[in-house]
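Below are two complexes that have chain A in common, paired first with chain B and then with chain C.
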Partner chain A sequence: MQATTMNFSIEPITHDSVVIRVGKALDFRNAADFKAATQEQVRSGIRNFILDFSETGILDSTGLGSIFSLYRQVSPMSGQVVFASVSRPVQVVVQLTRTYKVFRQFPTVEAARESMR
Partner chain B sequence: MSQHTILIVEDEHTLRRLLEYRLGKQYSVRTAANGEEALERIAEEVPRLIISDVMMPKMDGFALQAALQEKDETKAVPFIFLTAKADEASLLRGRRTGVDDYITKPFDIDQLLSRVNRLLERTAQFQSQLDAKIGQDFSQKLMPKKMPSASGYRTFFHSAPREHGGGDIFDCTQPRPGVHFITIGDVMGKGLQAKFYAFSFLGYIRSTLHAMLRTTSSPAELMTRVNQVLMDDPPLEDTFASLLLIKWEPERNLVTYANAGHCRPVLLGPRGAEVVSYSDMILGLDANAEFKDTSLILQPGSALVSYTDGLLEQVMKNGEQLGEEGILQFVQRAHGKADPVQALIGNVLEESSETRFGDDILMFWLEREASRERQSRGPAPRWFSPFSEGTES
Partner chain C sequence: METTRQSFNRLDGLIDELHSLFDTWESEGALLSHLDEDTIQLFRLAVHEWVANLVQHARFDEKSPMVTLDVIPNGRRVRCIIEDNSAGFPLDERLDLQRLALKPFPERGMGLLMLNAATEYYEYSTSENGRQRLEFTVSADSDPCLNIPF
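Up next, the complex of A and B:
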């Protein structure tokens, strides 16, 4: 069970940027793992995060909280957290919390990468 | 790091590796070859369970177990002895305080595994019972003792916290006659931790309101201050919360609110039910976030219905979450019932996929009574003309 809930993967793209494929769910079951993994990335010098939500069907408030924590860590260091391929359930949560003002959104991971160049 | 770390203390290499291999399929396993090494491992990380041999060089199992009994943080860690000595004396010495099980070599590994599972389940259950008890206590303290009330109005409230639910907040205060402040919010996260943060956070909100209401009565200004507290105060660094601050002035039939990323309330008025759409960003994310006040006049017979995300995210029979559209429909159906909140909750549950709510449920229904005149004439009409309401003061 512990292994299957950790269904996100991290792919480096430049010396300070990564793409995180969020997977099917980011919720109370794997939010702590997500938080630990992204903290590790920040410690190793990563400042820009592209979150790929193309497969994400569940994003609950605990999951969203772990993304907020990441944002609060990198934003004082001029880092960015951007969203790519935002699925409908993720869009609903982003709308409700009005956080689109903070997380820029892109139709694809490619478009998000372009914006960071 | 995995939650269930098991420490195996065994000097015999082959047996140590075998146990590591078998237990490693289910748990995170660490090993030590004697009591001294075990104490080093335990100093790095306290395991959830210890399996230890008795006869070992340097420091034997009895000495290890005695050392663990002396420290509060290790005293309660479940402890299983493995020993080759099947003699009575050893057995008797083995049955001492803090030893949960005792297995004689040669042993069946599946039997050992089932005992390990059972012990861990038992401790986990004990923990969750304790959490539930503390959580319930927090939940009770988080809820109001008294509902706001005013003549010409009806208020209904329902709150049903779940032991593994989140940190729902509700508070009401009357800073001066004729003005009520109602706070509805949700601290992000799940379980006891969220409840604890909600509890502390509500303290901050109360004191902010108390301190600021002398100089302002704008929900947006109060919201800005609460956001700054969340941004600046290190203990609240990782706390994010959605919050709806409502100022209610019954004599003016006026409601003024600021909404920080909270579920948008429903206004049930002459034209049916609609979502009160204006809202700003959730608290704790952006120090420069701006908040705006929105005012609503409550017409006779209309109601403002606020709730938390447990209701919004309830999964219905069709497999979909209830959502704002669903809530609009249920609010309309409940309108006019003796207790509209209980009616709504009953209706939602009837059409849910499960027979109970999956998360904390909190709902507050503020309704202006239809005018007396109309009540005496019989049932209220389905619509209200703004011109016929001119006599209201």
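Up next, the complex of A and C:
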């Protein structure tokens, strides 16, 4: 079942993996909701997160911070956070902060799913 | 070359208004047509980070918030002036503190640093009319980087 919160939605794909469709914005206005939602997923056993940025026009410093927070939670448990369908506004943030060194990027959600199999 | 001044008098919804403006400028093409798309997005990010900082942290005390945004295309650059009637804050001091406090994979404290990294030049001052004034440029000829510890 797909859960929707604020403007992002979470779609389970395996027992320990989900796709988060980030939606139009991940910024200071909804980063706390993103953090709470992902913490809940981690508590329920999810370790791998595909972030789908295909619709995302805004990723700001607070939004990026909420992704770092998720990464800090799952990486000690051999979990992954990967980016898929990265829009240009998100790519500009990734390039500015050099976070491509941390988060693998895939052209599509399907390609990201394949990499996790 | 076309320039623009936009005025805002409320913080609620300001970010949405701002991005609607950018959407219009990008679709109409005139104001920012001298820049490539990555530079436009970098400029948009810089403006967003500053306005987000205003919305979240600025003290307007008893005053109704007033914010103006001037956008001035300049060759392969864009110059921007954002004025507001908040109490202001010591930007350089805050940037120094945030640089020192930056931990690996930080959750907060990156906004002003991101603005600083995205801009080629900035100056923050109090103008003659007592308003706080941030002026900065974003260049198409730079490869800016914010060094976040990983």
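Quick notes
The working rule: the second predicted complex is superposed on the first by the 112 of 117 C-alpha atoms of A that agree within 3 Å, B and C clash if a C-alpha of one lies under 4 Å from a C-alpha of the other, contacts with A are read in each partner's own complex, and residues count from 1 in each chain.
Note that in this section a contact is a pair of C-beta atoms (placed from the backbone, for glycine too) under 8 Å apart; a residue touches a chain by one contact, two chains touch by 3 or more.
In this text, all values refer to a predicted model and were calculated from it rather than measured experimentally.
Taken together in the superposed arrangement on chain A, chain B and chain C clash.
When the two complexes are overlaid on their common chain A, residue A:D16 makes contact with neither chain B nor chain C. By the touch criterion stated above, A:L96 is placed in contact with chain B and with chain C alike. Shared-chain residue A:E55: touches no atom of chain B or chain C. With both structures placed on the common chain, the touch criterion links A:R88 to chain C but leaves chain B unconnected.
Once the two complexes are overlaid on the shared chain, A:L64 sits against chain B and chain C alike. Residue contacts after overlaying the shared chain place A:R72 against chain B and chain C alike. The wider contact with chain A, measured as residues touched, comes from C rather than the other of chain B and chain C.
Contacts of A:F28 after superposition on the shared chain: both chain B and chain C are touched.
In the three-chain model built by superposing on chain A, chain C overlaps with chain B at stretch 261-269, while the rest of 27-35, 81-89, 207-215 or 261-269 show no clash.
Residues 28, 60-62, 64-65, 68-69, 71-72, 92, 96-99, 101-102 of chain A contact both chain B in one complex and chain C in the other.
Residue ranges on chain A touching chain C, taken from their complex, read 27-29, 57-58, 60-62, 64-66, 68-69, 71-72, 88-89, 91-93, 95-99, 101-102. Here chain B touches chain A in the complex through residues 2-3, 166, 186, 188-191, 194, 237-238, 240, 242, 260-261, 263-264, 279-282, 284-286, 289, 309, 312-313, 323, going by the rule given at the top. Contacts from chain C toward chain A in the complex involve residues 15, 19, 37-38, 41-42, 44-45, 48-49, 52, 55-56, 105-108, 110-111, 113-114, 117-118, 144-148, 150. Considering their complex, residues 2, 28, 60-62, 64-65, 68-69, 71-72, 92, 96-99, 101-102 of chain A touch chain B.
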